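The two complexes that follow have chain A in common; it is paired with chain B in the first and with chain C in the second.
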Partner chain A sequence: MNSEKGRRKGLFVFRMQEYGVGYLFMLPWMIGFAAFVAFPVGWSLYNSFNTLYFRAGGFSYTWVGLENYKRVWFENSNYRIELITLLQELVIIIPLILIFSFFVALLLNQRFPGRGAMRAIFFLPVIFATGQVVMELFTQGAGELPFIEQYNIEAIIHKNFDERTAASLVGILSQAVIILWYSGVQILIFIAGFQTIPKTIYEAIRVDGASPWESFWKITFPAMVPFIGLNAVYTIVDLFTFPFNSILGIITSNMFSPTTGYGYASAMAWLYFALVLLLLSVTLGLTYRATKGR
Partner chain B sequence: MLNAVRKLRKQISFPRIVLIVFLTAVGVFMLIPIIFLFNHAFKPLNELFAYPPTILVKQPTWRNFEQLLLSSTAGLVPFTRYLFNSAVISAIATGAVILVSTMAGYVLSKHRFHFKTMIMGLILISLMFAPETVAIPRYLVISGLGLKDTYFAHILPFLASPLAVFLMRQFIDQIPASLTEAAKLDGASDMYIFTKIIIPLTAPAVATVSIITFQAVYLDVETSTFFMTKETMKTLAYYATALVVNVPGVAATSLAAAIGLIMFLPNLIMFLLFQRKMIQTMLHSGVK
Partner chain C sequence: MKMEDSIKQIRLEVTKTLSSRRSQQVKRVLLGQNVNDGLVAKLIIFVLLTVIAFLYLQPILEMISTSLKSVPDLIDPLVQLIPRELYWQNYIDAWDGLRYVEAFLDTIFISSMGSLLQVLSCSITGYALARLRFPGKNIFFVLIIVTFLVPPQITVIPLYMIYDQLNWLDTPLVVFIPALFGQGLRGALFIIIFRQFFLAQPKALEEAAKMDGASIFRLFFRIMLPLAGAASLVVFLFSFVWYWNMNSDAAMFLSNDFTPLSMRLNSLTAELMGNEVVNVGAYGKDPISEGPKMAAAFLIIMPPLIVYLIAQRWFTEGIERTGLVE
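This part shows the complex of A and B:
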């Protein structure tokens, strides 16, 4: 009885020690996170339900409930239009990035001399595609491909296609560098994915007489579905927090505008955030169903 | 000799050549912006304004860099002061972030305590939140703590990087729990496990996190714009963006070309140093 109690006590002390160490190691990060991420984000949520203006000696808050959200959605036509164009662009760009990176990853997964160097080149953008660097490159004018102007490719496209297709083709071409630069991480994730498929399966299916084409669709592709989903999620997050994004521009310009104020801008930001979350959950749901149906 | 030739023959088949050529073409295409950046910095004035812009420089010159070194904002703060600020801040911030995020990643992966899943959820969600949108509350926190115009304001906001902790945790998850448990049974303290087992084993992740953090800090403009009122406390990144406003006329273009390369170079060097380890981490943390 007594020893039972003692053992319990010992376990309790041990547990507490383990918890304590956990908290202790977590503490510096938690403090920073609370002060510079959680608290500001929470505050901006609170702000989005208020109208607030800069006054001498601080802010003046007026509780308005969902008014800001209503105004953003129904009155500000600019916001809605930008949001729709952004979505249209994304609908084109996301599949392009996914297909391109899948293809390149497939090639980089083959064995050939100089593979290491080639991989390094394709991973290079992984580091530089963190927004600011891309921004730096773009302000330098490196984003647009000079050869489009040089060889007058635009005119050639316009001559050979009808107007609609030509416009979208030019649009995609001018973003070709972005597409390439934004596929670094995706390529990496796909290569990691390919390595999870055991070689023996390929050997088995070859013995059974399947062609490489069949083995791709029957083995490689189904195994890669979760990774495609993961990449889709990554791409969406990446593109939505891209600093060139027109919506983020609108939000920051409204922050300091005297007519709308910070509460209004916060509402815009939260609406945008909600949309991203919605898109992500749809993507995740689709991938989940695709993997489960297998 | 004959054997070697035969081996080479075997390696070089037609589809393989097509593959290599294709990948090389796309690779070169991807490198264009970087090549452009390097060449742009060495262009003389007349080439900087050439239309259509050329990628390669014809008559390279150091003039842009000379001008940059001698430049200063409104004749008050010299260029070197910004450079010094940037160097100090990014070095300290990178070291601090590595320490803090490795500690957090270690306990998140190998320890039991309350709210663990909640913390992971918070991290994942805050990865999606664009930092631009919380600029004003952040400003209020910083000025409330009295950190304006100090180096702390440059460094502290970066400490709570959700991305760094996420990468670290994913990487430390790969280290078998039996390893730390064995050490514990042998009487090792948590501090000992952390410094002698976790830190050496996470070297690749540390490389990755240091590149990412260094980049974020080195290129950050917001802190200098919002939290710093004194010109002497601002960083090189701020100087680069403010250049166009501060320097009148054509001179700005040549300065911008040179500073573009300077902003980019440290990142490239770090990448070349840590590239292998970085790929390793990404491969580990991507899959799970």
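This part shows the complex of A and C:
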């Protein structure tokens, strides 16, 4: 009886020690999370319900509830338009990046001489696509595809779409190459995804008399759906910091503006976050449904 | 007669099968057994990729060419990709304008120190997630992914206020301290890389070390961390390049005294705009500042480019190893 109790106690102590070591290893991250993520996020949320002003020696808070959000959404029509434009652009850009990277990955997955060098080229922009340099290239007009001018595609777009859609379409086409620069990681993820499909399945379906076209749609594509979802999420997250994303600039300028201040800017940031979360959940939902159906 | 006939027939058959076999062989080499392993298919793929790659790299080529053009070359519509003569003055202007040596050393310092700290903190966290047992591990893992999703726009304002209170603004501390606590630039991704790496290691090694009475710290720092050399290198390289290119954070927190290279381009542009702006004819941009600006952009991306050329294998393998793909 006594020894049983002792053993249990010993086990308990051992467990606690084990857990303690685990938490000890997590400690740096926990401190960092509390200080640089949880606290700022909470504070930002609190700020968004207040009006903040600089005073000598600190801030003065005035609780205003949802007032900031109302002002951002209803009074500042400019911001609302920017958000909607951004959403429109993302809806075009994300499929563009996904299709491009899927296609290139499909080509790069074949065997041919110089494959390694080609892979290196398509990953290259990840290395130097810095905001400033990309902006500079963009203002120089370097991102345009050569055939757009040749075939007068702009005029065709203007003829077939209403003015606003046409404007954002033309805008995206004029930066097409630089947008495609943001597909380096996606290409690698797709290539790695192709490796997960066993070769024997292709052999089996060939013996059964399927054409390559069929085997792509019946085998390759369904197997890649989860990776398409993953890449869509990665693309959305990556585009938060896209240099053409004008939202950050607007938020920053409102931070230091005397008429609006931190609270107002925080409300703007949260509205933006809500939009992004909406986009992410739609993507995840679609992926989930597509994979579950199999 | 009959005999002869049949012999002829047989001969005909034989030559027919022979020739068709040869033609089949040729066909197989050219077209392959599958669609994708014949010579023709390979050639098509290769040409297609070369064309795409050229389009893809076009802005870079244009940047290099512009950076080597003199003002008359820039204005002249006849001069396309290759300048009439190489005009190195742009690079001299850019070098001075960026205060390259000083900014280069600052940026190297920030990037490499920050990356080292990230390797340390992310490997510790990744190890805990992969191997140690404690309640709530899954919650931690979800939280780590969430930190990857929170847009910087949310936290940038409070962080600015915090750093301001602590007097960290315009010092490298704004990079180092978050990196030390696993919240550096894209730290979540690095934690996942380490977790995946440690998960793939055999458990026997740790068990043996534990049997021999090694403490968990000794086990981690003496055995597991050195074992994770490959993962550490991948994390270091990525982190280095991303810190080098760090832009929005740098713009917020490091704007005055301590300016990394990625931010210097702005001030250079402002300086150049101070010169008289000459718009000449069809060339819509300011031809005087364009050359130095492109030279500066090239000078900024050159160091990570060299790192990439040397360590290219690690980068591409690194992504495949993240375990994002399972």
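Heads up, the rule we're going with is that the second predicted complex is superposed on the first by the 246 of 294 C-alpha atoms of A that agree within 3 Å, B and C clash if a C-alpha of one lies under 4 Å from a C-alpha of the other, contacts with A are read in each partner's own complex, and residues count from 1 in each chain.
Keep in mind that, in the parts below, a residue touches a chain if its C-beta (ideal position, glycine included) is under 8 Å from a C-beta of that chain, and two chains touch if they have at least 3 such contacts.
Note that the structure is predicted; figures quoted are calculated from it, not measured.
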Superposition on chain A - do chain B and chain C clash or fit: clash
Which of chain B and chain C A:206 touches, first, second, both or neither: second
Partner chain in contact with A:269 - chain B first, chain C second, else both or neither: both
Contacts of A:44 with chain B and chain C, given as first, second, both or neither: both
First (chain B), second (chain C), both or neither touched by A:285: neither
Partner chain in contact with A:10 - chain B first, chain C second, else both or neither: neither
Doubly contacted chain A residues - partners chain C and chain B: 18-19, 21-23, 25-26, 28-29, 31-33, 35-37, 39-41, 43-44, 47, 104, 107-108, 110, 112-114, 118-128, 130, 132-133, 136-137, 139-140, 142-143, 145-146, 177, 180-181, 185, 188-189, 191-193, 195-196, 230, 237, 240-241, 243, 248, 251-252, 255, 262, 265-266, 269, 272-273, 276, 280
Contact set on chain A toward chain B in their complex: 18-19, 21-23, 25-26, 28-41, 43-44, 47, 104, 107-108, 110, 112-114, 118-128, 130, 132-133, 136-137, 139-143, 145-146, 149-150, 176-177, 180-181, 185, 188-189, 191-193, 195-196, 230, 237, 240-241, 243, 245, 248, 251-252, 255, 262, 265-266, 269, 272-273, 276-277, 280
List of chain A residues in touch with chain C within their complex: 18-19, 21-23, 25-26, 28-29, 31-33, 35-37, 39-41, 43-44, 47, 104, 107-108, 110-114, 118-133, 136-137, 139-140, 142-143, 145-146, 177-178, 180-181, 185, 188-189, 191-193, 195-196, 202, 206, 212, 227, 230, 237, 240-241, 243, 247-248, 251-252, 255, 262, 265-266, 268-270, 272-273, 276, 280
Touching residues (chain side chain C, partner chain A) in the complex: 34-37, 41-42, 45-46, 48-49, 52-53, 55-59, 62-63, 66, 121, 124-125, 127-128, 132-135, 137, 140, 143-144, 147-162, 178, 180-183, 187, 191, 216, 220, 241, 244-245, 247-248, 252, 262-263, 265-266, 269, 285, 290, 293-294, 297, 300-301, 304-305, 307-308, 312, 315-316, 319-320, 324-326
Residues on chain B engaged by chain A in the complex (per definition of touch): 11, 16, 19-20, 22-24, 26-27, 29-34, 36-37, 40, 52-55, 99-101, 103-104, 106-108, 111-114, 119, 122, 126-130, 132-138, 140-141, 145, 156-157, 159-160, 162, 165, 190, 194, 211-212, 215-216, 219-221, 237, 240, 256-257, 260, 263-264, 267, 270-271, 275, 278-279, 282-283, 286-287
